[in-house]
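Here the structure is laid out as structure tokens; the discussion comes afterwards.
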């Protein structure tokens, strides 16, 4: 066969395979959208689950997930950003910096169920928080740390050194330069990291299984030390272990749609900010 | 003066925060391994029970696995345990009632201990499971020790049955196998598609099309694993069941397909990076000699990027090995030692997720699950370190 | 013979080459000189259609190699490039063995007979005056060679395909003087069999090795004549200023 004919065949195969990958994405999202959109209405979002979770809404799961997002970010965002600043701006290239990056990479590579085990051992049992929003938030926060640190570091690295030098040349201190010059420039990209972390945290199930998630709890949480429902766990329960799995399907589709919408919005927002920032 | 102090404090705060990841990794290691290691050295016998044999018997200790085989009567002759050739006469609370009359046992079972004592002393082949408090100074049998959990018993044990009574089974072989075949299948599915997509995006597609595809691939990475699991459960599992005429569709294959999809973004992103890092001079050199674009890709570009592509595959496997929820939902969770993709299997992370809720905190089952966590941690950690080592040797990162 | 007729070339909005007309004779060395950005490399890359790889380019006019319009739709670019080889500014051997580098073009053409490949490889390396240096290390990685050796290997790689035309894009600019001298010697050696077009910013080099020289400035062909005349008796003021080193 002539090389050029072969190329045509191979390229079409590669093209078809690539489009199949993208098609899978649309298939999953489209499938859940089509099946789930019929369930979504105001009641679904604002009501408590009823009749063994077969009727009613998923309000406590939404609120629970929002609490977990808030709690984990309150803890992970400042620490992550500070950590990124220190590693990128204060540490010199060398073994220490490499070690810290390696640790961040390692943390990012640990399976989420191991975070669940760890959260249970430390927060639930050792520190005696019990199954609670606090324990869940801390576990999720740890899981989100590497995402935030990495994006912060990247954001800082993309700030041109000229800006720093200009500030130093005017006699500004390092800290002042970072606060007044570097951070404002890097901020949009840092926010991208925050949004991506939120997307990640809102969908994680394994880390909250044993640290916070309640199977069925038709009330809103009042304190950090209470259990709570959460969207991903709720979806898992509806799909695998509800009272009547067949009848629970519509509820499951609705929950999945809400969950996917949160993730989609986070991704879209992050991309928009990134694109807008790049243009400038 | 004050200003300097405040600056120093602020920098110290930043420095302390930067330790967060290192401290967390260390804490994870401490908590995981302190529970996991204390599993070793524990005995998997049910609390308050002992094994006893006739005094003429030489057996001093027995492994949990063999013990279970005796109970299941898979092993029924002492010669199989390295003793004299005679049948094993198993006695437990069920059988003792068939050997002795109700009067002998007593209306409130108050003489049960005597019955056990009598049976064990009279039958040379006796193998009794009895409550510990029946062993008094009058007892005329000999206690057989059950061997402690060890790394060897963990790794070679072919059965995972942590709630088995009176001897729990903690063999992780089926779980390891399950994890392995599901991940292997996943990578076999994901690698061709992921590589095709990476090659298409980096070498063939026009700039505009690549710009559309890249965020879509990222989105694929953003979909929560529980949603993948749900999709798999609703779509893939019934499909497999119908296609292969199975009783249940929850199989290793279903897990591999879902994990394969989930591993795609990792493989695509990293191998595309590797391909784009190939210097253009390499492509030009090849094209200038009359090679077609495709010849250039597979003879020059791919070999040049091969270590990056390997990294992508390894990280893809790592992602698959650690994945929990999706696998838990679609693989059927039966602890089988099998290579059959059409059978249910159970992976290590799925086992932890499924059982930790029911394992009493601090008990042997609880600790066994932490031991599984340690194994998982070690596997993924070595993958990360390997990837770090390789990328450092290449001098790009 | 290479004929360039009314060639205009654009990168997006940038007019890179304006109304180029010239004929490049067979079995001779033709040098393209001029300050950087003058379009000399662009024109060179048009002759084996390497600019096809860049998005947003546009060409008008015709380029004929051996009477065939190379931008004709019927022409397969791969076939053209087998006929018109190219050596690049920076040596770019593949990270393969020395042998496999030279054998690459043959394998691409589908040659399977290993003994024939071996003969052709040996022949090409000999022609590139590299044989005595690499004879014993043919299975070593090519990237371990010195820069000058790498460049001669790239020339050997190009020769193995038996092209009729060799395009050289500043082939010695990344090399030390001794390696440069070896390359120049090689070019003089090869010109009896091949049509060679060489882009250089080194005027002494053009003077030493070329038969004809074309001087480009701001995308235009200012003067094209035999080399001696260009350097010693230029017709244009600009050419004179450039070759005497007054700008550039």
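Quick notes on this one:
Per-chain numbering from 1; labels A, B and C assigned in written order.
Following the convention adopted for this analysis, contacts are C-beta pairs under 8 Å (C-beta built on N, C-alpha and C of every residue); 3 or more make two chains touch, one makes a residue touch a chain.
Because the structure is a prediction, the values reported are computed rather than measured.
When C-beta pairs in contact are tallied for each pair of chains, A-B comes out on top.
Summarising the inter-chain layout, the chain whose CA centre lies farthest from the centre of chain C is B. A separation of 54 Å divides the Cα centre of chain A from that of chain C. Taking the mean of the C-alpha atoms as each chain's centre, chain B and chain C sit 60 Å apart. Work out the mean CA point of chain A and of chain B, and you get 25 Å between them. Chain B has residues 291-292, 295 in contact with two or more other chains. Looking at chain C, one finds that residues 78, 108 touch two or more other chains. Within chain A, residues 3-4 each touch two or more of the remaining chains. On the chain A side of its complex with chain C, the touching residues are 3-4. Interface residues of chain C, counted against chain B in their complex, comprise 48, 50, 53, 55, 78-82, 85-86, 88, 90, 92-96, 104-105, 107-109, 154, 157-158, 161. Taken in their complex, chain C has these residues touching chain A: 76, 78, 108, 110.
Residues 7, 10-11, 13-15, 17-22, 24-25, 27-28, 31-32, 35, 192-194, 196-197, 199-201, 204-205, 213, 215-220, 222-231, 233-235, 261, 264, 268, 291-295, 318, 321-325, 329, 349, 352-353, 356-357, 361, 369-370, 373, 376-377, 380-381, 383-385, 388 of chain B touch chain A in their complex.
If you check the complex, the residues on chain A that touch chain B are 3-4, 6-7, 10-11, 13-15, 17-18, 20-22, 24-25, 28-29, 31-32, 78-80, 82-83, 85-87, 90-91, 99-100, 102-107, 109-118, 120-122, 125-126, 142, 145-146, 149, 173, 175, 196, 199-200, 202-206, 209-210, 232-233, 235-236, 239-240, 249, 252, 256, 259-260, 263-264, 266-267, 271.
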